[in-house]
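You will see two complexes here that share chain A, one where it goes with chain B and one where it goes with chain C.
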Partner chain A sequence: MKRLLGIISSDKTEKLLVSSGTFTGLVDLSQKKDFKYYDWLRDRDSVYTDSNITSEEVFNFRLGPLAGANQECSIYHLKTYGERMLAVNIDQTYKSRKIEDLMVGRSFDEAIPLAESVCSNFAFSHSVAFTQAIEEALGLELSGYSKLLRVIFLEIERIYNHIYVIAKLSISAAQKVYSSHLLYLFERCISLNSKYFNSTFLKKIKKVGEVKDFPKELFLNYLEELKKVVNEFKKIYNFSLDSRNYLDRLHNTGILTIEDFYNTGFDGPALKAMNYSLDIREFSKTTKNFKPILEEEGDSLARMIVRAKEVSQSLEIIEESIELFQETQPESPKSLKTSQKRDSGIGQSESASGTITYYVEIKDQKIEFVYISTPSTFLFRAIQKALVGQIFTDFPFTVDSFGAFFCDCAR
Partner chain B sequence: MFWPIYGLTKKYTEKKLNISKLNLKQLYIKNIFKRSIHIFCIDVGNDNALNFEIFALLSPKYNLHRLGIFFTQTPRKADLLIVLGRPTEKMVPLMLEAINQMPEPFGVLLTENNDLGISFDNFDIPNVIGHIKGDVSRDEMLSYILAFMKGDEKK
Partner chain C sequence: MIFYTLSVVCFLLGIISFFKNKLSCIFAVLGSVFSIAVGILGFERSLNILNLALFQDVSLRLGIDKTSSIFLIIAFISFGIIAFYSIDFNKLFSKRMALFINISMLAMFFVLTAQDAISFLISFECITIAIFFSILERKNTYKEAFSFLAFSEVSSIALFIAFGALWAQTGSFIIANAVGNIVFMSFAYLAFIIKMDITPFHVWISSTYSKSPSNVAAILSVPVTLIGTYGIFRIFALNPNIEIFAIISILLGSVSALWGALQAARSRSLKKLPAYSTIENNSMILASLGIAYLTANTQSLQYLSQFAMLTALFIIISHSFSKTALFLSIGHAKEAFSEELIDNVGGVFKYVSKITGLGIIIAGLSLSAFPPLIGFVSDWMLLETFFQSYKIDDLSLKLIITFSGILITLAIGLSSFGMKKLIGFSALGTKTKEVINIESLTMKISEAILIFLVIALGFISPLIVIGLGYPAFLDGLLAVPKPLLIVSSRPIFGVLSPTIFAIMIFIFFVALWKLKSKEKDVKRVSPWVGGLEVLSTESFKIGAYSFIVESLLKPLNQTKEIREGDTAYVYSIDLIETFYSFITKLSNKISSFFSKTIMNSSIHWYIAYIIGAFIITLMYFKFTR
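Take a look at the complex of A and B:
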């Protein structure tokens, strides 16, 4: 399985940024025929148009940009005759901040906050992917100590994002008691981030060649508190599985098939819910024994189950990493051979909703070109496909189950 | 007996709770609205941090309904408008129209956590009760909301 992550048009030549799990890199344009979504991805900053159905009975129901149902400013154009959604066009352009353009000409330290500002709830994932691309270009390799810290923070970010998505789903399904518990746990998670790491969204932690260091005992104390949160989550999540009323709303809602993957190229929990995985942690040396959690149904319920199970899995990874971390000593980043130094690099990290990829070209310690490939770009395309044929009632259950964010998509 | 009526006749709460015997400290809150307030939050292009802070405010930890704070989905029913982030170019007219739709009296709370977007200095926004910059936290937002409810001077 391979994905087209982006189309790089620098130096008047066009190349494809492709990932297949073990390989991520630039390939020749001749391979574009392998990807059905090439034309759409080339024009990714325009409105996501699915279909312009026109009929006497069909009208355009516009949701957004300032609608209560949309937390972020964006528009869903729902083509409908009253109940079923026949086609969905998504206008994400209201959120565009042109971050890639703003990064050009900046030093690395100036550009990291911009990478974090693409999507704050994935701030650490973005900073990891960005700095990794810079490190590759500079010929630097992170020390084992920093790599462990990186894994710990990525999993912390995953836990609170998954709880957020499940809380959103429970609110949509009007599960008041369940959602109140989840909201409490979500708030608790981000409060712990502020308390222990001085940043609610884990910003200003990753730098080029290093990860901000914290005392080792602090991680042990943090782990104790996080365990309580995750154990509480597991308990109430298992309770929620007894509620047929809740599960029926998610079951058979927003079903995706492998054909949709070939047409849109999404990944993350949405792909895992279809029994396929392109999780880069599977191929990372730092997370050797990682096995992705897979479900088969491909619907909102399967996506929710994948996320819930990943919360426990992330806790296990954090526990293992903190144990290893206690025995590891801080080191400086290793410099690779001069011959390995390049003026461009590719960095990746696995966020809670999928893989984030940065392609960066540098010159004189400044950014010359940057291309950001975010999971939400592809997920909104998948949401478009998943919504077609659904009734209005299923709109929040479908959209919220993907964990896609407009700021991540529009950059 | 029909069970809902049976339930009503029991009056469990009233029997157990004798309010006159409780020594509750009565707090006087000078509320300009003399009632609870309704807030309309708009995202005009923030990086999701502020959306998440508002979402976390809904946690039972804060128990906003107890304080008389409710979120509404339209500016026409709101007492306070919270603008989340600096606006993107396309969101400027929408933000100004949302302010225009607010019924008198009303307040506007501006928040921004980075330099992306158009600065609020470029607009003549009426009734600004506060302008939070930097690492905006939900506690800080709540303190502005409570100050607004009490009718305190803007900070």
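Take a look at the complex of A and C:
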């Protein structure tokens, strides 16, 4: 399975940024025929228009830009003749801050906060992917010590994001007590971040060539508190699985098929819920025993189950990493051979909702060009597909199960 | 007698002067006024107008009693307003329209005063024929006119059989003699519920009402169905002890009311919606009458029986004026926009006429049981009738009435759903098309009179109770003085004072108006949704409003969501229509088979047919003598 992550046209030639698990890089434009979604990805910052359904009865039900159902400023154009969503076009442009343009001409340290501000929920993942791209361009390799720290923080970020997405899903399904409890756990997670790492969303931790160091015993204390949160999550999550009313709302809702993957190229828990994985942790040396969590149904329930199981999996990874971390000493980053230095680099990280990829070109220690490929870009496209044919009641159960963010999509 | 003669003369003059539309309609209005006068006089004391012996035991008899008086007054208020409306409206059609209206009014006058089968049947058929031709006044309406004719003739055949049974039993055609005649009762009942458009005999109405000129649709909805209601009143009065008809009426009435309301809620056509609402209203009358006669023979339930009878009369009044107002107002809107779909006549209040818009709003609200309008009073009384039926001892009857009450309640809710759709999208909707200017002074005056009636009758409903001869249902309680309180049960349990309600609403309305008028610097802004102005392509359409009903009740509506390329739409149908379509196709096939095989102009088959008929006739006379 391979994905088209982006279309790079930094100079006059156009290249494709593709990924197939073991390989991520630029390929020739001639391969575009392999990707059905090439055209819309090329125009990813405009309104996606799938079809123009018409009839005297059909009208455009516009949800947004300011609507109770939208947590971010955006518009869902829902073509309908009542209840049934016949076609969905999403306008994410309201959240565009042109972060890629803002990065150009800045130093690496100035650009990191911009990468972190693409989407606060994925702030650490963005900073990792961005700095990794710079490191590749500069010919730097992180030390084992820093790599372990990177894994720990990425998994911490995954835990609170998954809890947040499940909380949103349960809010939509009117599970008030459960959702309030989950939101409390989410708040607990981010307040632990603040308490131990001085940043609610793990910002200012990743730098080029290093990860901010913290005392080793601090991680042990943090782990104890995180375990309590995860155990509480597991307890109430298992309890929620007894509610047939809740599960009925998610079961068979927003089903995606492999054909939808070929048409949109999404990844993350949405793909894992269909029994496929492109999780880059599978191919990372730092997480070599990693086995992705897979489900088969491809619906909202399956996506939620993947996330819930990943919470436990992430805790295990954190535990193992902290154990290893206790025995590892800090080192400086390794400088690669001069021949491996380039003017451009590609960096990736596996965020809670899918792979984040940065392609950067540098010149004189400054950013010359950036292309950011975010999971939400593909997920909103998948949401469009998943919503078609469903009734309005299923709208929140579908949308909230993807964990996509407009700020992440529009950058 | 003088008013009776004047009525007939006016209608005849109207018929003669049909080539002068205005004059003819004025005669029709005058005839209505005299007919109402006849009704008022007949209500005071019964009158025998004519008793003409044709043969031995066969005579034509015309007269008025209390029942016919009530129906005369209601029908001819409605008819008179329709005739006045037609002065301008008929200009859109040929001059024959005035002729057909006068004929149907004259025939209606005779139907309501006929006391023998022959004059009843002749008048009954005259109405059918006049309405048939008036439907044809709109182009391409043959199918609809013949559908109407087919159902009317089934009704006529049933009446023929009923009157045959009457002759067989009594040797006369005097309707008052049909006491305890079960065959007469059965066939007359069938004939009249067909005339009332009760489900499942309603399938013709959606297309016929929709295609007919609007004044004819109003006649079909009110005076014509009143014939059926009048007939049911008559036959129940003659046979009050036949309990099974009362039970059938309750069950059939409630199921039919729900069906009508359901179809109205689903409907997207300007005139189909009120057409289906007609079924609902007439079914409510039937159900209420059922309770009235089910309880009539039990001494302890006399109060309930009388209250149910009063309820039926209130629904008749409410339906007659509200529905006439609705048909005339939407007819005006339809012609102004030259459109048939509710979606395409948006902005009637603003762009056609304030009176017309108000006509749709007030009539629609009345039919949605909005206080203090007459429709609210009648629907409250109907629900009270069902509530008070807990007093009936028999458990099975209790269960039947509870079940029917549930259906009626659902019907009232769905009716409100449908009417709000009509009001919201047509009277108060967004303009989608330019308005055609039509001469409409008399149309507006007629609509204004009906608006006044619908509002005023709710306000003065205690007076109507007194006028109809039921003062026992009025009382006073706490701050409400006697006789402003309508009481549904004794000891007092279940009360309503529409007058006080109306006064309170008026006070609040005036107070709000005053407050609003003080705010001189109110800034008006364009409506926006989610921070942006609403585009024309983003307006909620009527299909979307109805889809919830179509989707939830998929099996009943045979709902199909069709997707053909880039075109998508919803298709649904009245399930009962599929049954009639099947019958139509089957009869077409059978008649086609006979026409090709037996009646195929072949001389051999023709001779065989004649000989066969001759032999069967001989055998019949041989063995029956």
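Keep this in mind: the second predicted complex is superposed on the first by the 411 of 411 C-alpha atoms of A that agree within 3 Å, B and C clash if a C-alpha of one lies under 4 Å from a C-alpha of the other, contacts with A are read in each partner's own complex, and residues count from 1 in each chain.
Just so it is clear, contacts are C-beta pairs under 8 Å (C-beta built on N, C-alpha and C of every residue); 3 or more make two chains touch, one makes a residue touch a chain.
In this text, all values refer to a predicted model and were calculated from it rather than measured experimentally.
Undergrad: Fit or clash for chain B plus chain C once both are placed on chain A?
TA: Aligned on chain A, chain B and chain C fit with no clash.
Undergrad: Between the C-alpha centres of chain B and chain C, what angle is subtended at chain A's, in steps of 10°?
TA: Taking chain A as the apex, chain B and chain C sit 60 degrees apart.
Undergrad: Name the contact category of A:52: first (chain B only), second (chain C only), both, or neither.
TA: In the superposition, A:52 contacts chain C only.
Undergrad: First (chain B), second (chain C), both or neither: which does A:83 touch?
TA: So A:83 only meets chain C here.
Undergrad: In the superposed arrangement, does A:75 touch chain B (first), chain C (second), both or neither?
TA: second
Undergrad: Who does A:95 touch here: chain B (first), chain C (second), both, or neither?
TA: first
Undergrad: So in the superposed three-chain picture, is A:224 touching just chain B, just chain C, both, or none of them (first/second/both/neither)?
TA: In the superposition, A:224 touches no partner, neither chain B nor chain C.
Undergrad: Applying the touch criterion given at the start, work out whether A:187 contacts chain B, chain C, both or neither, answering first, second, both or neither.
TA: After superposition on chain A, A:187 lies in contact with chain B alone.
Undergrad: What is the contact status of A:364 with respect to chain B (first) and chain C (second): first, second, both, or neither?
TA: In the superposition, A:364 touches no partner, neither chain B nor chain C.
Undergrad: In this superposition, which partner touches a larger number of chain A residues, chain B or chain C?
TA: B
Undergrad: Could you tell me if A:60 is touching chain B, chain C, both of them or neither one (first, second, both, neither)?
TA: second
Undergrad: Report, in whole Å, the shortest distance between any C-alpha atom of chain B and any C-alpha atom of chain C after the two complexes are superposed.
TA: 5
Undergrad: After overlaying the two complexes on chain A, where does the chain B footprint on chain A coincide with the chain C footprint?
TA: 65-67
Undergrad: How about chain A: which of its residues touch chain C in the complex?
TA: 51-67, 75, 80-84, 86, 391
Undergrad: Which bits of chain A are touching chain B when the two form their complex?
TA: So the residues of chain A in touch with chain B come to 65-68, 71-73, 93-97, 99, 102, 113-114, 116-121, 123, 164, 167, 180, 183-184, 186-188, 190, 194, 199-201, 405, 407-408.
Undergrad: Which residues of chain C touch chain A in the complex?
TA: Chain C residues touching chain A: 341, 343, 529-532, 534-535, 537-541, 543-548, 551, 561, 563, 566-570.
Undergrad: Would you mind writing out the residues of chain B in touch with chain A in their complex?
TA: Touch residues, chain B against chain A: 42-49, 51-53, 55-56, 58-61, 73-74, 88, 90-91, 94, 98, 113-114, 116-117, 135, 137.
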